[in-house]
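Before anything else, here's the structure in question.
Lettered A, B, C and D in written order, each chain numbered from 1.
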């Protein structure tokens, strides 16, 4: 019997690494998984262009916000279902799975209809009704760490999803709040080895929110992989200065391509080359 | 035109203090408002006993959790609607208005049917769909500050409610997360004068969560009132060591009675005696 | 045998409150002790004018910085010994004891020659050679809490002074660093009852540094006293906008006079009127 | 004219990377610099054994504390000058330069006589008299970031040393204080690219203090190098469970050897192989 308050998420009962399969992509396998795309889905054509570009540069999964959690009620709140349709269209054109945020229990069915991975944002890490709702779906869930939540709390939130019957949870470290003001958040890469010790779930890193400035994303993407993360999620925009949200932290397409190259080099330095059969490194939830 | 990102909450456009009326109780008026009761509603009889006791000691409003946000999915999640019924019964017996937390948009109508004040918990301060949902009701809302949210973000969250058409928002400071471990949270009383400078909405303080230990609640209740708060919300339990949740920070009935006495003395020291007509100090939203 | 790592500071071995006597002033006695004066000693005449004014308004002790810890090497570093001489002169004119900061072991003898209370600033709370040096003097020491130190660490730093043979230590809470940016620091008033539970040493509060803005000092001065502090230390300047340092958080003379009135009312509400013999409330270190 | 409050440290006036030369070791050059050794110097023989072992595993510089800043006055305070003599002896045996902490201005001359790099600890980052004192020596100084200081404050503290005439300053990120309790500190690797943008001074990382647990040191050492750091400082002990201080975070000799291998692989992935002449990448202060 596990002594941790998160028995399903704990390594105690499940010592082997879990791999989450999304289409043909394995998260937690022997290759780094790169999720990229705009902060917000803005237009159909814009999204498709970005999707083709990030795929060509090496992205595995397309990210894009349709429902946006915004501090102010007067900020752009996202395109909603229209944005989800564009994401689905971008998937059928590029073949890349898509990830997008869901913000309330009532919207889970709708978002799950269009996307491959349901994202729970940092502000909702302890939105327990929402965690229960995504726990009842069969869609993989990426659970962002709350910006002031401990690793233990993060795993207890993952437990809500697992306890609901959904084994496909991916953890995402995206920076915490501290006194430091030169960055938007403090990317807590310690959380990568700490979480990996405590849980079998795969952990990815978001250096875009974790720094808040595009010029720091590349070094922190490398650092995230070097710390042992299974992948990255980054914001990319062809013209960051024109993005409707988070332009300051969005990579240009060229910067993203450079990031892919460097990240793969670091991955190889840490893990060696892919071993052919990625299933070898863990156990796929299917 | 306001330059703040929360024009409805800002004092710029609304310089006079707002008073929120709940039954015969005026929050933001010339007397301190004391909300008290158990962390969780546990049993019908227990709740009624506590309600009568805290009323007799000077409480104005009864608090009690029916839907409980718990870090672990295996912790007691509250009695749900049954708890709400007990609260309503306690109200009809004591005449005190009741406050209880609502955690998801779908439950707003249900909770609003039973309670006088809808509480938005700290973990939901940036649950924007929930803020929108309570903004559409005509029930007063007590919005707790997120434990890692700035005062500015708190006011933007209040703005979501106000922008939905509900003017009756009460702010509640309940402690923030810091490096200090000798208390559960760090009660940020600076937030009281800061919020009062920026907004016309009434501000109350929760010294129970703000400290996490019953033995610190009394001095911090006094401090909250001395800092200028319009009232307090505290956890009270006749046998704290037997409470199903938060016993460590719950006052006994005797301690609560002592708190009421001391808090009133501090209120008088700061504000003078009530001026008869509480309407004088602000403008009631009705 | 005490189980705390600060046996001399702990209440376990020394249950009664300590009172620190400075001239005729008793810190930790039955009246609030108010320390006031400029951030930096600027000119002889200016200091004497402020000293007379704050005394007339009700101050007990004159504060003023002669050696200033400044983040930048290019900021005004204080008048040094010249400033100490002015402080001593202001004492002989007003009869008020004076407090000033000492920043390095080598300067302890010099500062102790001129002032009545040696202040250890927040940045030096864990400057152990300095703590050892002031522990060897017979001057009372006011030890500010480091802005990122826990209460336990604060008491261990006090222990360095006590272990050196100097029993006259006053603790000062002056705000901690958090993510909140609307104030310069987050005044942690929880630390007042926590420290008072753990130690017999008197605790005072600095609402000037604890907020960073003069307009928040008055409510937080009241709150500090209501939380149980034995006194306050505040920055006062006749023309804050002309102060060479910290003008933004300095009270005008009128605001200070108003603060004295309100603080005394809150003190009386909490403690009752002075009992004649202040020795009754504790044990004086002499 | 620089607009930064640290003109000498700023890149604005000094765009090229600085390299600090310590004997034959170049910090900020084209190879990672690895500093390793025990938290505290314990015995002569023990130190020499560790020194030979870490050198053999690939260390460039020997670390060891002789004067130890300890929270409690009753903890081991270090061997003092005796420890310095052992360090000097270990240097003459191994040929490795040595680094050790200095805690007060009066001890600067003594420590500088024995060691190659003067370390300013996190608790002393804003000990301005100490910064001035080391600024007057010609010894390289490693300035650790205070655990609650911003990057801007860190650079202003470096400026104190540079303004004193000593150009050889190395910055060391060692973790900051946050709410997270699963690690001793939160290693803020964001600070590496932020500092490198703002200053020309070399930046190294301390994953031992930055995590507090030996099992997290290796991944965070890799991450530090991947983030762009010029080197690492780590605690190594042949029998960590017997160390007089910080055993929990000390690597065994085997773990250190593995770290060296992995860190070099990551370095090569990020920077390519050394270019023969390390002078090419920056400008040596000599």
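Everything that follows uses one rule, which is that a contact is a pair of C-beta atoms (placed from the backbone, for glycine too) under 8 Å apart; a residue touches a chain by one contact, two chains touch by 3 or more.
Given the structure is predicted, the values throughout are model-derived calculations rather than measurements.
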{"item": "Between B-C and B-D, the pair with more C-beta contacts", "value": "B-C"}
{"item": "Centroid-based (C-alpha) most distant chain relative to chain A", "value": "C"}
{"item": "Between chain C and chain B, distance of the C-alpha-averaged centres to the nearest whole Å", "value": "34"}
{"item": "Centroid spacing, where centroids are CA-atom means, of chain B and chain D in whole angstrom", "value": "49"}
{"item": "Multi-partner residues of chain B (each touching 2 or more other chains)", "value": "148, 177-179, 181"}
{"item": "Contact set on chain C toward chain D in their complex", "value": "5-6, 69-74, 103-107, 123-124, 126-130, 132, 146-148, 153, 156-157, 159-160, 163, 177"}
{"item": "In the complex, chain B residues that touch chain D", "value": "148, 177-179, 181"}
{"item": "Contact footprint of chain B on chain C as seen in their complex", "value": "148, 150-152, 176, 178-183, 186-194, 197, 210-211, 215-216, 219-220, 222-228, 262, 265-266, 268-270"}
